[in-house]
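Chain IDs A, B, C and D follow the sequence of writing; residue 1 opens each chain.
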Amino acid sequence: MLAMFFWAFVIGGLICVIGQLLFDVAKLTPGHTLSLLVVIGAVLDGFGLYEPLVDFAGAGATIPITSFGNSLVHGAMQDAEKHGLIGVLTGMFQVTSSGISAAIIFGFIGALIFKPKG
Amino acid sequence: MITSTGVTGGPFEANGNLAEDFDLLYEDLWMGKETYEKAHRLLLEEAIKTALNKRNMEKEQIQFLFAGDLINQITPTSFAARTMQIPYFGLFGACSTSMEGLALASFVVNYQGANYVLTGASSHNAAVEKQFRYPTEYGGQKPPTAQWTITGAGVALVQPNEPGEVFPVTTAATIGKVIDMGLTDPFNMGGAMAPAAADTIIAHFRDLQIDPSYYDLIVTGDLGRVGHDTAFELINKSGLELERKQFQDCGLLMYKDDQPVQSGGSGAGCSATVLYGHLLNQLKKGTYKRILVVATGALLSPLSFQQNESIPCIAHAVAIEMNGDKG
Amino acid sequence: MATSKQKNMTPQQRNYQQLQQKHEIKRPVLKNCIKAFFVGGIICVIGQAISYFYIYYFDFTEQSVGNPTVATMVFLSMLLTGFGVYDRLGQFAGAGSAVPVTGFGNAVISAAIEHRTEGFVLGVGGNMFKLAGSVILFGVFSAFVVALIKTLLVIWGVL
Amino acid sequence: MRSIHRWVLLACLLLLSSCDQNQQVKDSQLSLMKTTNPSPIVTQKNKSKDHVKDIEQDVSSFPELYDVAVVKGKKDTLVVYKVKHLYRFKMKKIEKDINKMLEQKYPDENFTISSDYKIFLETVRLDEKMKSSKYKGKKAENRFNEIVNMTKDLK
């Protein structure tokens, strides 16, 4: 279990280093970088490479944004097995609804409570 | 002749280098208002009131107000003009609005178009960041070439020149052309504005047939560390000899080194607050006799950046001398 | 894209850009990467701690613990954003604070907090996904394309 | 910079300490920390334990695993194991191998296999509860079926 913390630290750090390289070397804006990382997450899961990474690194792979793409593909594939092609559409947010709904809910609560500090 | 000035600033400027040259400093960015844009307007209103009180004049005696800022359709300035009820020229020159206003005001006063003219510029860090870059609380990382928009307003009262009065006098002005060197990174404004500053400075010296040693100080608006060095090299390459200590930048003067401002201050308020506050005080104290202020502005918009346009820039130069030593 | 711009530039612009390149302060890439690695790592360790917390005290299995962990991390990022700490953390860590889901949360929440002055419907509602919307768009679209291809391969018996 | 560390630290301490029930440190508490290797469990009193023992023997023979628990219910058997960290990349393959091996050796029984920490944790808790005689026959079986269902819903 303690090894999990170590590997979560290492893999999470590495994914962030990739993001930082995209920031500084490729000079991409944060928006471009995050979108690119999400697409990479989805493609990796397409090849079935992301699942072992999640097993291995635990939160190190589920916390970075790449896991968003990964879990979208998972949802789509699960429903695709049951209902065929249309399942790809219906199953999309099956697995990962919490990220977006949490962001929306806490975003609104934040807007209610906080004022920007500048 | 600049007879009185009003300079207001925000919390960041309060712990900068030039804090004592400000007439009024606020401790937070909200200034008791409920939106940043209202706070931005308050900055300009207070600056105008201070300038008027120093000469205990009424706003009815003022013929014109030349002012502008960076926000969409310069609403903070227009709303301030609404409360001030002074005939109003709204200007937009990005961060070069201050010198554009001073040049126009001096021009109008010089040819007896008016007796009392107010000119100024202002900017507000949070309001500008919100419009141009990312929300203020967003954790975006600014590269070292980025600059920190100044929260402040600088206003000056310009009157016809009377002999015997010892006041800073605007003797010459050069209006710049729009220069675009194809730079596209909005986080490197200094680099984009440097050629415009160099071009206006070279034109200024060509028109007046004088060399840089005429001025004790040549100060650019907000080129920041990057643009300042580049402009210095451009000017020297064009044949004018310019010493390093004679060439300064308002953005670099404003903040201490330990303040996290990356490569210096910027914004329409930068050249206005530094000139009308610090530099005019130095002129009155006599440290400088003749200075050339070159405010530089980047004329991009968030839209033009997203449409892959490069950044066009402009710079206006105004020469200011103490009229006491004219004789 | 950059190369096509290079071509239609006047020689004057090109040699100015070379000159300007000399003076431009280079970004401390290595230092930034190390900072991003550490902060990103720490955030993932916090995420792991939260995951184990949910495994211990709530009946989530290791596979399904992702959802509550992400929700808690977004809650934490709301606290940090609201108290004005996240923008300093972002300036220090860069991608280290932007890549994890707290960065996604921060993008949504900072836009929501920022545009509250324009009213809840037009301000918060209209601008909330100004920064994070592209992440969702490209995530969903790429997932759709990937899943479509995989399903077609499965149907045609290739996979 | 220091203020950020204080905030982050405060946030996690607040989170972790906010729900500290007054459980005395039981085996289940540490089961994720160290290898507990619980003895085989049988929910039905009369079933023989040796049969379950040799299942556990076979499964532990895999080098990649370091902690195995086997629970035998009325109808099926739950095999839970923890994988050594460096082999976690091949967890899917390991699961297939164990499944194949168990099908060959004990064709008549039907197995549920899982490498999940949660299932392991619940198994250890079940084991403790059965020892402390809180759970007997019927309730143990229900809890066992609950655990088995837990493995199904996540696939």
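Throughout what follows, a residue touches a chain if its C-beta (ideal position, glycine included) is under 8 Å from a C-beta of that chain, and two chains touch if they have at least 3 such contacts.
Everything numeric here is computed off the predicted structure, so don't read it as measured data.
A.B. asks: Highest contact-pair count belongs to which two chains?
C.D. replies: Looking at every pair of chains, the most contacts join A-C.
A.B. asks: For which chain is the distance between its Cα centroid and the global protein Cα centroid smallest?
C.D. replies: So the chain nearest the centre of the shown protein is C.
A.B. asks: Could you please state the distance in Å, as a whole number, between where the Cα atoms of subunit A are centred and where those of subunit B are centred?
C.D. replies: Centre separation, subunit A to subunit B: 45 Å.
A.B. asks: Just curious, how far off is subunit D from subunit C if you go by their C-alpha centres, in Å?
C.D. replies: 35
A.B. asks: Go ahead and note the Å separation of the Cα centroids belonging to subunit B and subunit D.
C.D. replies: The computed centroid separation for subunit B versus subunit D comes out at 70 Å.
A.B. asks: Counting only Cα atoms for the centres, state how far subunit A is from subunit C in Å.
C.D. replies: One centre to the other, that is 9 Å.
A.B. asks: Tell me, which residues of subunit C touch at least two other chains?
C.D. replies: Counting only residues that touch two or more other chains, subunit C contributes 27, 32, 42, 49-50, 52, 62, 81-84, 89, 93-95, 98, 103, 107, 109-111, 113-115, 131.
A.B. asks: Residues of subunit B that touch two or more other chains: which are they?
C.D. replies: Where subunit B meets two or more other chains at a single residue, that happens at 36, 134-137, 140-141, 143.
A.B. asks: What positions in subunit D touch 2 or more of the other chains?
C.D. replies: 32, 117
A.B. asks: Would you mind giving me the full set of chain pairs in touch?
C.D. replies: So, checking each combination of chains, I get A-B, A-C, A-D, B-C, C-D as the touching pairs.
A.B. asks: For subunit C, which residues count as touching subunit A in their complex?
C.D. replies: 27, 29, 32-33, 36-45, 47-52, 62, 66-71, 73-75, 77-78, 81-84, 93-96, 98-105, 107-116, 120, 124, 128, 131-132, 134-140, 142-144, 146-152, 154-155
A.B. asks: Going by the contact rule at the top, pick out the subunit D residues touching subunit C in the complex.
C.D. replies: The touching residues are 1, 3-4, 7-8, 11-12, 15-16, 19, 21, 32, 116-119, 121-122, 150-151, 153-154.
A.B. asks: Name, in rising order, each residue of subunit D that touches subunit A in their complex.
C.D. replies: Residue list for subunit D touching subunit A: 32-33, 85, 88-92, 117.
A.B. asks: Considering the complex alone, what residue numbers of subunit A touch subunit B?
C.D. replies: 23-24, 27, 30, 115-118
A.B. asks: Which subunit A residues qualify as touching subunit C in the complex?
C.D. replies: Of all residues in subunit A, those touching subunit C are 1, 4-5, 8-25, 30-31, 33-39, 41-43, 45-46, 57-60, 62-65, 67-69, 71-73, 75-77, 80-81, 84-85, 87-89, 92, 95-104, 106-111, 113-118.
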